[in-house]
Amino acid sequence: MNTLSFPMRRNFLELDQVSIGFGPTPTRVDILKDVQLSVAENEFVAILGFSGAGKSTLISLLAGLEAPTSGEVRMAGKRVTRPSPRRGVMFQSYSLLPWLTVFGNIHLAAQQVFPEKSKAEVREHVERYIEMVHLTAARDKRPHELSGGMRQRVSLARTLAMQPEVLLLDEPLSALDALTRAVLQDEILQIWEQEKKTVVLITNDVDEAILMADRILPLTMGPEASLGEAFPVTLERPRNRRTLTDQPEYQHLKAAITAHLVGLNQEARALRGGSLVPMPDIAPKEFHAPSKITGLKWKFSA
Amino acid sequence: MRLVSGDTANPKNMNIRSVLLSTAALVGALHADPLAVEKSELKLGFIKLTDCAPIVIAKEKGFFEDEGLQVEVIAQSNWKVLLDNVITGNLDGAHMLSGQPIAATIGIGTEAHVVTPFTMDLNGNGITVSNSIWEQMQENDPSLDVDQPEHPISSESLKPIVEDLLAQGEKLQMGMVFPVSTHNYELRYWLAASGIHPGFYSKTDLAGRTDAEVELSVTPPPQMPATLEAGTISGYCVGEPWNQQAVTKGIGVPVTTNYDIWKNNPEKVFGVTRKWADENPNTLIALTKALIRAGKWLDETEGDQLVHREEACRILSQPNYVGADYEVIKNSMTGTFIFQKSDVRDMPDFNVFFKHDCTYPWYSDGVWFLTQMRRWGQITEAKPASWYHEIAKKVYLPEVYLKAAEALVAEGHLEDAEIPHTEDGYKPATTDFIDGNSFDGHKPIEYLNSFQIGIKDDSSFATK
Amino acid sequence: MKYKLLKVIDTAGLSFLSPVVRLVTGEEPRKQLQDIARFILVPTITFLAFLWLWSVVAPKHKTKAGEVPTPSVVWDAAHGIWRFHDRESAKEQGFLLIGSARESELQRATARLKEVEELETRAQQQLATIRDRSKERFETAVAPAKTAYDRKRDDYRQFRTQQAAELKDEAALLRHSDSATRQEFLTKLRRNAETEEALKAEVDRLKAVYSEAQELTFPEVKQAMRAATLLGEEKQFLTKYLDMLGESSREEKLATAEQRLEDTRSRFLSTTDEDLYKLGTNLLKQEDFLSTTADSRYAKPWTLPKQIVRSLLCVFTGFLIASAIAIPIGILCGLSPTFMAAVTPFIALFKPVSPLVWLPIVMIIVGGFMPDPENHWLVVALSKVPFIKNYGIDPMFISSAITVALCSLWATLVNTALGVGSIDKDHMNVARVLRLNFTSRLFKIIVPTALPLIFAGLRISLGVGWMVLVAAEILSTSEGIGKFVNDMYTNGSSQSFAQMFVVVFIVGFIGMLLDRIMVFLQRLVSFDTAPAL
């Protein structure tokens, strides 16, 4: 897939006035409301939001796993109606098939996406991606024999092996420890630099977003979440995580985004008429949460 | 055709082989040609009772093989299963109760035309009562309370017990092995001989308990002693070894044998379906030949000593045949019968396999069973005398028996004197019954009407 | 190497062996010894304790069906069962022996028969002497009880007749008496009845003592009888064996038949005065006879080892039928809640039905499909399959297998539905992103996910099937372990009871083996931590 032979498309991946809600009509709650998004080809976009804000729903919409209640999802100008290997998704929970080995998991995807390739070609293709994520040694291991980071690498390799035009990363690193996370961030960036794909990264980590993305879009508090004002990241690439924090632009950007998010949070609380006094994270034994905040978790890791 | 290939070339083997060939020539001259049997691999069913002996012996002594038959002998769990297996074709033929072919042919129970060319044995059953009934009988008739009471013991002393129970609103329960079994008719005969009513069968009463003073129920032979011990029944009529089991285990006391009820009564037959007999006429003759030889072998004597019975007991006690202990089988088979621990008697004719023209399929036997079926209402309508003869001729195949016997005479296995030469296939009239009644197979209706207890038909049927 | 071995042991469900392996390789000896004590020593001790308790308690409980066998008697019975099998196999082989091998075997068996005959005669004599001696002892032992009983019984009888006569006479005199005298007479009658009853009770007591005394048995008689029986059985076997080696052997039969054929042929070719038609047909008949003789084998009766194999064959047939029905239906149930709703009532209704109810129904239906079983295409086809053909596939076998299937398929069905129903949504999303079609989805995602649960279900099914089979065989008299049990029960010999115990252990052991195999398979297909035991 040679992206260089085409001129860059500005509105490669679009969300046009997209709303989605669940439940029966009278009590329906819109998770996302009137979301507007436009991602250019080869752009790296990070969507930053609180847990439960509807980030995963957003990815599902982009992937075509879920259909919007209203509005339209478009890719290269065409309406998205169902999932496709052109939009590779990397799930937060890895979603590896536990009965297959590392090789088997990737092979399943490659074989399915490239039916025209011969057996040997598919094999070679798979081996290449295993090597790309440095898992050659663990080639014949099953997922339960791997660490979280390794599993996510497999997931990455599987997604990349499909050679998608768009990579949709759904908090791929949030379950990992800080060290592994840093290593993987670097790897993903490195691969992105090589392959130059359109990437939508969902994260709750401001540092991660600044480190990786061209543009950061905060998701407002759900329900009825939508995308807020964009923060373009103009830091030069390749970015070095050690020197990055020293740059004033970084510090400025981080402060602005954090302030914005905190503001969103307070706004949301005010909207709900809740107290501003911080509450300890303890739930009484019989606590009936108001339906609107059921299922929300208060988590913000910066 | 070189079947024993290779070995002949070896000089060491030449010797034995030439010896073999010379003896073979001798034997070959004696043997007639085997019949061209339609079917050479057969499955025969049996119930684990000593009177299956002819089938087992014919197999173990190689009489079947001499006829070119490969026979598998398979134990069946009860008479119903056995008959069903013969009818459905799972078995080619089987050891059957004399009443079974007749009943199947006239449609009592499962309907199918079953025939028999061979009677397997005479006598061999006993009536056993529980210890407590025996004690009460002894009380009613002190002459029974000795070590060796006088035989035959009638049901006279049982009568007061039955009456006492009836007064309490209860009925004595007794077991027999099958509704159309000899045991059922013998037990009824024994009871009715002293005026105890064992109940009628009817279209609606298939258990045969209408008007009953003693109720009879079906129990598989091997379960008789256990059922008696449990008190479900107070007595039973069954073949061996189940009477001897009861007495050796101290569960009950055999009071009489069927030899006392009717001397030399027909007991079991060898049965096949009419269809099978038509499709395999030569095989049936071959089978009958082997069975006649087995019967003769079993009854062979030297002086008054039965010479082969001990070997037969050894064979029968194998687990795949009767399987009971050798010592238990030996008692009745070698002509002794234990009535009580203190009362062991010689009963040389307890099991007859060949003597007294045993193996011949007598029409009169068929008529007797038919009269008993009518007497107790299993045959629900009055039938003319001609019908009795007709059915007996439909079921019993003396012509097959005679062909087999004549072939055996030709081969030197049988003497002509050993074949019953009869004019019409009926045994002469006899009064060898416990009640002294006379039975003439030619006169079924008169016989039927001679009983105190039992259904009687209009005498006009006698001439129809 | 060590870890590979440990892993194999673990997968095979033999984890109790792993401390042994670890100990041998010198890993934490103290802990390993503890583990060995816990997982090997403790079960062994409990089992030995069980055997001890059994051998102590068993002789104390007497039933009229026979004594409860002790472990050694059961062991003996097991030997007996094996001996029967062994001898029948010997006959089978003897029948086929040829040439010098047959000759030498013939000599060996003849010599042994002579030996056994002598031994048996001696054993019989010994039995007779012991019997006579014990009979005397029996009579002396029983005599006092018998005399006491006889005397009391006669007293009682005399008392009864005498009193009855006296009272009758007295009653005759009372015809004109007043009511008071009559009342008095009634009291007398009552008193008399009471005395009579007391006497009767005493007679009964003595009778019980007498019967109990009669129960006296002499172990030496039993022993002598057993010895004589064993020898008698061997004699019987050798007689038959010699017959199978000699006159009835295939070789001799063939020789006879061949000789006769030759005779007839030469007569046919050279005769001038015989009926050629008759001779010719005879010749053809003899040729037929020769070829059937050439193929003939000893019709060996079913012995327990062969019955066990047939039972296993039957249970696996049933199990295969059950799996072939339950897994697809289970998958459909898991995939479609509507289908599940449609099937649920049937599962609920049929699951609790006993095999003893299914079997007669199945037998009637199967019998309906096979009016002429020997020529039915299925039976004919199966009788050509190697191995299986030796086990006589008949409608009873098929009915038993179907009954096994009907009783065992539910566990697999429910578990499969559960496994398929609990498929991870993320895995389905992967399938959707990859645009897998239905079959790929089924075989690459759905079935593998459900596999551990399917196998858990299969394991239960096989266990249920094995239990059901024995019952089905007892009822259908289809050859197998169940038939063996039924036969032994109906045999009612002194060995029967012990033989049942043998079967208990065999059935239990095979059931355990089957379960272990299923655990092993289950672990092989389990991708996560293995759920075992």
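We call the chains A, B and C, going by the order they appear; numbering starts again at 1 in every chain.
To be clear about the criterion, contacts are C-beta pairs under 8 Å (C-beta built on N, C-alpha and C of every residue); 3 or more make two chains touch, one makes a residue touch a chain.
Please read these numbers as outputs of a predicted model, since none were measured by experiment.
In terms of inter-chain touching, the protein chains here are arranged end to end in an open line.
Taking the mean of each chain's C-alpha atoms, the chain closest to the overall C-alpha centroid is C. Work out the mean CA point of subunit B and of subunit C, and you get 28 Å between them. The centroid of the Cα atoms in subunit A and the matching centroid in subunit C are 66 Å apart.
Centre-to-centre, using mean CA coordinates, subunit A is 90 Å away from subunit B.
Shown for subunit C are the residues in touch with two or more other chains, of which there are none. Subunit C contributes residues 64-66, 81, 84, 98-100, 103, 153, 157, 207, 211, 214-215, 225, 229, 232-233, 235-236, 239-240, 243, 248, 251-252, 254-256, 258-261, 263, 282, 285-286, 288-292, 294, 296-297, 299, 301-302, 367, 371-374, 394-396, 474, 477, 486-496 to its touches with subunit B in the complex.
By the touch rule above, subunit B contacts subunit C in their complex via residues 1, 3-4, 7, 10, 12-13, 16-17, 20-21, 24-25, 27-28, 33-34, 36, 40, 48, 59-60, 62, 65, 68, 70-77, 81, 88-90, 135, 142, 145, 220-222, 225-226, 229, 241-242, 245, 249-251, 311, 314-315, 317-320, 322-328, 341. Those residues of subunit C lying in contact with subunit A across their complex are 424, 426-427, 429-430, 432-436, 440, 444-445, 448-449, 451, 525, 527-529.
The touching residues of subunit A, counted against subunit C in their complex, run 63, 65, 82-85, 87-89, 91, 93, 95, 97-100, 108-109, 112-113, 142-144, 162.
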